[in-house]
Structure formats: structure tokens, C-alpha cells
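Each of the next two complexes has chain A plus one other chain: chain B in the first, chain C in the second.
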Partner chain A sequence: MDQFYGKVAEILEVNEVRDGDVLKDFEAWDSLTILSIIAMADSDYKVTLSAKDLDNIKTVGDLKTYFENHEK
Partner chain B sequence: MSGRLYNPMSLDNCSFLVTGAASGIGRATAIMLSRLGAKLICADIDKAGLEETLAVLEGTGHLSQVFDLRNIADIDKWVIDACASFGRLHGLVHAAGVSCIAPVKILSIEKYREVFLINTESALALAKVFPRPKVYAGSNGSIVFISSAMALVGSSAAVGYSLSKAAIHGMTRSMAIEYAKKNIRVNAVAPGFVKTSMFDKSKARWDEEQAARVEALHPLGFGQPEDVAHAIAFLLADTGRWITGTILVVDGGYTAQ
Partner chain C sequence: MNLKFKNKKISGILTILPAHEVSFEQEMGNYNFPPAKSLKLKLAMGYNKHRIVEGNVCASDLCVFGLEYLFNKCFLKKDEIDALILITQSPDYFMPPTSNVIQGRLGLNQDVFCLDINQGCAGFEIGLIESFFLLEQESVNKVVLLNADVMSRKVSKRDRNSFPLIGDGASVTIVEKTDRDLAIYANLKMDGTQSDALIIPAGGFRLPSSPETAVMREDENGNFRSKDNLVMKGDAIFNFVQTEVPPMIARLVEFAGVRMEAIDYFIFHQPNKFMLHKLADKMKVNHEKMPSNIVESFGNASGVTVPTAITFNLGSRLLEKDYKICFAGFGVGLTWSSILMNVGPLGFCEMIDYK
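Up next is the complex of A and B:
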């Protein structure tokens, strides 16, 4: 989970992210970014995440918690 | 008039190597070829899946081989050793492959190289050892690669996969020319979205709207593994005698639009 914030920042095309940042407020938030998050979840954390799951994840912190709770 | 049914796709007395035979298109192909009378070496990294495939093949004399195609340098020896006990081959079907759903911004070098290794480089390694006298039966040889409709049309998040499959097309055409004098035909089948475990993994990432949109792009709906297996059998059998260097698109109309 060390590199989580860096990876998410890269996907969201910003320099840094914080727990309270709302995912949908990022300019880069689109279908490709959603796919990138899903792909990262699978390849880097072995977490299965669907687009529907992401609908219920509001902030960067929520995403981190989801990964921590579902990491295999 | 003879009462015997004429089957131009009969594969009696023919032997083939099928990779990716533990599931999906590879399994359906192995089953189809066995029904047509062929004897098979079924290969995959998935031992349990291979056992399930072997259990439903028709005929006898089939061989199961667990092998990791990422061990590129060992493919040569593996195929030669397998043929030493099994007998020589009339053809090979490379159905093993992995998907890669990743937008370019997260497509790492490691990821696309791994996809290329399994989807493309191992295809070349298998085709390279195939004409060897210890492997090839010497007549009516036929190699079939599995490419993809994603090698013909674009789609977001498909770069890693598309590049591995587009390379198959170039390889197919040039290899067909080079191998013609050995009486080995080389072709590829380019499927659209086929209901396999690879498809299920992609579909799990779509929302309902995306799934409906993708299905609507297929005028004949999503395909079944058997749809692709039929095309492969057609190319391997005498029905494909005069076909080489071709990419046979089997996609329910996806790329016709």
C-alpha cells in the first residue's frame, strides 16, 4: 500500500492526492480513468473491482480502505 | 453410389498440437479436432483444466502437456521431446493467450512485454520448431494462430493486447510465403468477443450500459468458442488446402461496420 497515493495520482494526472479528495471531482475522471483504477486494483493489489463498485467509492481514502479490506 | 458420408473436414490419421487447450477457444478446438478424427497434444499451463479437456476428447492416443509458454527458450526442446513419444505433427494451433485491459497511461513495460511474450513470441517459437524433421510429418502442414478483431479495429484500453495480436498478422503473412515450399500453410483466425473466461474477466469490469453497448456492436451477438473452433478446423483440414497467409475473421460482424 506504500505506493498507493503515487499510483492514484498518476492515474488522476495530478501531482498528489489526499484521502479527502473526491474522485469524481478530478478533471481526468472518465471511463478510461475508471478502467485504469480497475486495472491497477487487479494487477498491483489483486483486488477485484468493478465499475459498479467504484460508484460507491467517493474519495481517495475510501478507495484505499476498499483495497485494504479486499486485498488478497 | 456409396452410402458413406463424405466429410471434407475429416482429420483421420492427422496429429496436431493445440496450446491453450485447458479452456475457451483452445479447449473447443481440441474437442472439435478430436471429433474430426485427429490425435492431439493438448498443452496449457493449467493442469486441472487440461485434465478436464482430455476427459471429453473423442478417440484415443491424446497427450496432455503442462507447459509454461513464457519459457521461450525451452519451447524447441519441449516440442521435440513431446513428438518423440507422441509422433510427428501435421499442424499446430496456438490458442494460448492472455488479455490486457489497460489504458496507455498505466500500461507498464513489464505488462505489455509479458503479453507480447505469451501471445506473440511463443507463437513464433512454436512455428519455428514446427518444420523440424523430428516434429513435422512432412505433408499438408498447417499452422493456425489466434489473433483478434482487436488487431483490426481500435478500442480504448486495448493497446497492449492489440499490438500483440496485430503482430500475429504480419507474422502470418510472411511466414506463409516462407513456409509454402515446405508445404506448410500458415493462417490466423481473428475472433471477436467470444464467451470464454477471458471474456468473463473483461465483462466483469463493464457496467450494464457498457456491456449492452459492446453486445450491440456484434450484429450476430457474442460468439461461442465452437464458432472459432469450426474455422480453425476448416483451415487445418483439406478444406483449407489452398489457403495460406490469410486472416480469417470470425466475429459476428463486429469489424464489418
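Up next is the complex of A and C:
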């Protein structure tokens, strides 16, 4: 979970992210970013995340919690 | 389902791609996105250019062109053909079968077993399996397996989700009996509960085409398509591939009693570079062993991408050597299938352009 913030920041094309940041507010938020997060969920956390699941996740902190709850 | 075959081989592969080529940049203006975003997608997915037919070129046109090339070069004789299997999801007509049309256009003899199979992404594997089944019969010695699609004609030009990666093409694969006793292992699975992940909603009998189905509508991502156009749930397919393909290959190598390291190449269906790299990483396979370069040069022509990956990447090397190859196809249906077999030396292994 340590590299979570770094990887998410990279996908969102910013220097850093915080728990309170709203995902959809990022300029880089688009279908490709969504797919990259889905790919990251699978490769790093063995979590299957759908675009619909991601639609219901509001902030960076919520995403972290989602991974923690679903991690295998 | 696990299947085992022996004394069968591929003896030649020819891929036929339309000469007409269009680049991603040329089409970017059709999409509803800022150029910067589109170029970012191009980089990540590996889009570049694709080969698509012009006008009303059909699957049978590409197949007849390829077969006539083989007849002219004496790589194949008309009277040696026992079966003609065509794997397509873009037939010339609802009826008659397009394989019958091809048989008629080429003047093949009436004893040829003609069969159309409606399969796409896993079409090469399903086609090979069907060819192997037929070759179990004493009277079937040479099967001509055709994979052909002109799916670009069913994808909306304003659909950035699908149009950049679509391709058209055909392949001719000769499958025949051999004295060599090498075993061929195959497996396949189906999941129709996700049949809507990759679909053309209208045009069949469930929802016939009408002026209403032709209306272009914008989806939540800014892509425009009608019900007559192909629609793909990218995230569902990505998750399906990542979840199902690695265990399928693991089951196949276990069934075959072979180690992953013994496999020379993983020639997989080519949805796009992004997905194949993620798949290779998950399977811990070197990227060099799993070519992912077909979409960027030619596009994804459904079941034709696997034979194209062979002719483009292995080409003349397969005329001299034999390689242990793992084929896999996964997608529409949902269907997923893989085959482990030795391939080569082949009598021919080339790519030609359809003009």
C-alpha cells in the first residue's frame, strides 16, 4: 500500500495526491485513466475493479479504502 | 473443455490485408475529443495506422483473392481441398453461407465440406480445432481454414473507443494430416452471460435494422454510434482477459505436461498493445515472446490477428524451423481458447495486400 499514492499520482499526471482529492476533478480523468486504474487494481492489488465500481468511488482516500477492503 | 489431437499439422499460412491504410492522425478529427487527449490514448494503447477496406469489399473477396494467389503460386491445388471452413462475423449474406459462395466463385468440386462458423477474437483457435475434428475422418486430408472479417464497415467512424483499433483482413491456413506423432493440446471455454460485452445490437433478428437503429447517439464517454454499430465494454473485456486468460494457459500447459519456458512464442489475439503488455506481465512472459505489434501496424481484424502476428513476426523463419507455439484467442461470445502445438517448417508463410 506504500506505493499507492505515487502510482495514483503518476496515472493522474500530477506530482502528488491526497486522500481528500476528488478523482473526477483531475484534468487527466478520462477513459484511459479509468482503464489504467483498473489495470493497477489488478496487477498491484489483485482486485477486479469495473468502470461502474470506479464511478461510485469519490476520492483518492475512498479508492485506497476500496483496495484495502478488497485486496487478495 | 480440454482436447487432444495428433498427426495433424499446419502446412502453410497466408494473410491478406487491404492495401488501403489510414493513420490515427488522419481520423482524429472525427472524434469528439481534444487532440491532446486523443494523442495520449494513441500512445498508451499503441494505435498508429490500420488497414481497412474501401467500398463494399466483402469477406469472400478477400478469401478468393488469397486462394487464387495460392493456386497461381502452386502452393495449393483446387482438387486437393476436402473442406473449406470460414470463420467470420461479417458474412457476405445472412444466407447462403459465405463458404458456399467462395466454393462457387472458385469452382471447387461438389464434395468439398463447406462450413461457416460465427466466431471472432477466438476464431483462429476455434477454426483450428474444427479443422482437427474434420481431419479425424479418413476422407478428409486437407482442410482450408479461412478467417476473414470486414468489421470496419460496422464500426462507427466517430467511436474513438473502437474505430482506431479495428482492422480488416483474411487469412488462409492449410491444415492437414502428418505422420509426425507430435501431440496438439487445446482448451476452450464459453461465457454467454457476458455476451453483451462485445456486440452489434441491431441487424439480426432480435432487433432488425430500421431508420431508428441507424440514429447516431452519444454515449457517456463522448463516442457516437448507432445500434447498427459494434459496441464494446472496454473495462469488462480487460477484466475478463486478465482474470481468465492466465489460468487458461496454466491449465493448458499442465494438460500438456510442458513448462512455460519450453514455449517459444505466445501468439495471442491482438486487441491492443496495452492489454497484451498487461497480460504478458501478469503471466510473467517476456514481451519478446508475446508479440503485441499488430494493432499499431494493421489494426485488429478479429480472428485474423493471430495468423497476421505469425506471418508478420515469424515469416520466413517458419519455412526452415519448427517452433513450439501457444495460440490463444479471447473475446466476443465471450469465448476463450488456446492451443499448444509445434508449427513449422511451413510450405509458405507470407502476407499480401488486397488491391
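Note that in this section the second predicted complex is superposed on the first by the 72 of 72 C-alpha atoms of A that agree within 3 Å, B and C clash if a C-alpha of one lies under 4 Å from a C-alpha of the other, contacts with A are read in each partner's own complex, and residues count from 1 in each chain.
The definition used in the following text is that a contact is a pair of C-beta atoms (placed from the backbone, for glycine too) under 8 Å apart; a residue touches a chain by one contact, two chains touch by 3 or more.
No experiment lies behind these values; they were computed from the predicted model shown.
With the two structures aligned on chain A, chain B clashes with chain C. By the touch criterion stated above, A:Ala51 is placed in contact with chain B and with chain C alike. In the superposition on chain A, A:Ala39 makes contact with both chain B and chain C. Once the two complexes are laid over each other on the shared chain, residue contacts for A:Val22 go to neither chain B nor chain C. Once the two complexes are laid over each other on the shared chain, residue contacts for A:Ile11 go to chain B alone; chain C is not touched. Only one of the stretches 93-101, 165-173 or 201-209 belonging to chain C overlaps chain B in the superposed arrangement, and that stretch is 165-173. Across the superposed pair, chain B and chain C both touch chain A at residues 31-32, 35-36, 38-39, 43, 48, 50-51.
Taken together, the chain A residues at the contact with chain C in this complex read 30-32, 34-36, 38-39, 42-43, 48-51. Interface of chain B with chain A (complex): residues 101-103, 105-106, 111, 156-157, 204-207, 210. Contact residues of chain C toward chain A in the complex are 37, 40-41, 44-45, 161, 221, 233-236, 238-239, 242-243, 274, 278, 281-282.
Interface residues of chain A, counted against chain B in their complex, comprise 10-11, 13, 31-33, 35-36, 38-40, 43, 48, 50-52.
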